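This is the structure I have questions about; it appears just below.
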């Protein structure tokens, strides 16, 4: 009980009702379940249930719970707000400018949901009421797997696989590998950078002039950028787009566009 | 059966159908799990016809204490359900399933393939991790094909083990399936506007999985 | 047999002998051990005569694919001795796949087509030749199309066989991170050994193949 004052002030039966409600709200599996239970008090087939009356019952239930200061889960309150809205839609004639579905459409869908949930519950009970293996019927007690030859095979379950993958991915939460690329110029990046530029390389130009700005100062960055740019130039040469030359060992590498010289 | 005279297969003449029946009887009897048609055909001598022999075998066990049952595309011997009362000794005590688990199972069976969101929409509450876990562990459900809808959510379907456990030949034999379909209760009826109830949140406080991160890993 | 009218046992009328036979058939079938006469009599309804029913049951299985045999003082079903050859399914000794192999397989499944270099980048350790070989041998992965990137590296993809083994309809049906978490499979505790900087080791001590010799085995 949230408030001891209520205990002393309210009559015993109100307190009992409050306790019953707590138990009941706990016993319901969400607003739809509560609605389904309330709808039984109408004693009609679910297809004929009055959604308006049901909404009022639900709102009344929520009001009582509130006045008894019972804490209700948010989704019960959301449903209450929605039902209040539905009620107003059902009671007021719709105006020409009204947007969205009509009250009747909304009510029909709620009725459908209730009927569907009820149907699923009945089927669930039917399934569980069937003869079950290990309870009503049984499999062979001593499976015979007579086997003469032996072959080793490896096995893994889908769970193993998923857990393995999850393990890797969780580790990545702590070691985001993509971040490592901050200080690395990839081959793809170098290629992307060089492709548009080589159009202008009619004459021999130093490969080092193709390094991206800002990558020359820091030795680590420069090393990565040089390697990537060099690899990219090899790739472009392989594609027949450029030619490469180097005067002697350790001399600067130069490139130029190939088509300019046939 | 015996009239087949595949000239190219004279070397491996199929055994008489009665022999094939005995072989299938031995194979299926020996296994606790249902034995698939493909495995039967692979284990019978070349030229055999498991499907035909099974018809005879099935008839032979009709009304016996042990009967031949079909589970999906596989076959198994199971004791006759009406004899459950003499089988107390073999009975295995199973953990009682929660109401949520039972309902979730039924929803998956009748609506499969079904996404978690759809299950939640039908039950009106979010599906707890433990519920799905328990059903996966029992091997009554498994992951099915992804839905071709935004976010490409995974779906759940029931397994052969589920069929076997509840003595169903296929998911089409679920009780009252036709009636439900006829009543439109299996339709995927879109909601007019936004109806509450299909709670979106996780009910166990595992709040770190926004809807966006399921696509994350498949995006290139 | 049906002519037995035991007037002295009208209070607990024993089931017809054919029913007793069915019960024994079910009991012996489902029992994990051969069933003795005393146990049969204890489990059958009062007034039954297990010995007599067993005679009929024994006869019924004569010449069948399975036969009722006496093991010591108890009864059990056994495959007919002449059918040993259909029971000679290779004994397959199954071993758990190593963690390195599972992780590699998972990466291929989730990221296919994927190159060896990409696998190594995700795992943070180099992939040993043995691991890839094993997966190829199991026919769970195969070579895919070469990547249209420099060096045109080969890629790996998972096979039909893989989908079959893991009960998937397509690799796209593998559950995503969100779903793994929802199913409780994602352990959120960080693994101390796998914090930043732990990368670089060989996954199974097969030290002679650093990342650089990956080309060696796949280049034609």
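As written, the chain order gives the labels A, B and C, with residue 1 at the start of each chain.
We adopt the following convention: a residue touches a chain if its C-beta (ideal position, glycine included) is under 8 Å from a C-beta of that chain, and two chains touch if they have at least 3 such contacts.
This is a predicted model, so every value here is computed, not measured.
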{"item": "Chain contact topology (line, ring, star, complete or other)", "value": "complete"}
{"item": "Greatest separation from chain C - chain, by CA centre", "value": "A"}
{"item": "Most centrally placed chain, judged by C-alpha centres", "value": "B"}
{"item": "Centre-to-centre distance between chain C and chain A (centres being mean Cα positions), rounded to whole Å", "value": "31"}
{"item": "Chain B and chain C, separation of their C-alpha mean positions in angstrom", "value": "16"}
{"item": "Interchain centroid distance [CA atoms averaged], chain A/chain B, Å", "value": "26"}
{"item": "Two or more partner chains touched - positions in chain A", "value": "138-141, 144-146, 158, 169"}
{"item": "Set of chain B residues in contact with two or more other chains", "value": "29-30, 77, 79-80, 83, 87, 90, 142-143, 217"}
{"item": "In the complex with chain A, residue positions of chain B that touch it", "value": "29-33, 76-81, 83-84, 87, 90-92, 94, 97, 99-100, 102-103, 105-107, 109-110, 122-125, 142-143, 164-168, 174-176, 180, 183-185, 189, 191-193, 195-197, 199, 217"}
{"item": "Touching residues (chain side chain B, partner chain C) in the complex", "value": "21-27, 29-30, 43-44, 64-66, 77, 79-80, 83, 86-87, 89-90, 116, 129-130, 132-133, 136, 142-146, 152-155, 159, 202, 206, 208-211, 213-218"}
{"item": "Chain C - residues contacting chain B, complex", "value": "21-27, 29-31, 43-45, 64-66, 77, 79-80, 83, 86-87, 89, 110, 167-170, 172-179, 181-184, 188"}
{"item": "Interface residues, chain A side, partner chain C - complex", "value": "138-142, 144-175, 177, 187-188, 191, 231-232, 234-235"}
{"item": "Residue ranges of chain A touching chain B (in the complex, touch as defined)", "value": "29-33, 75, 78-79, 81-82, 100-101, 105-106, 109-110, 112-113, 115-117, 119-128, 130-141, 143-146, 158, 169"}
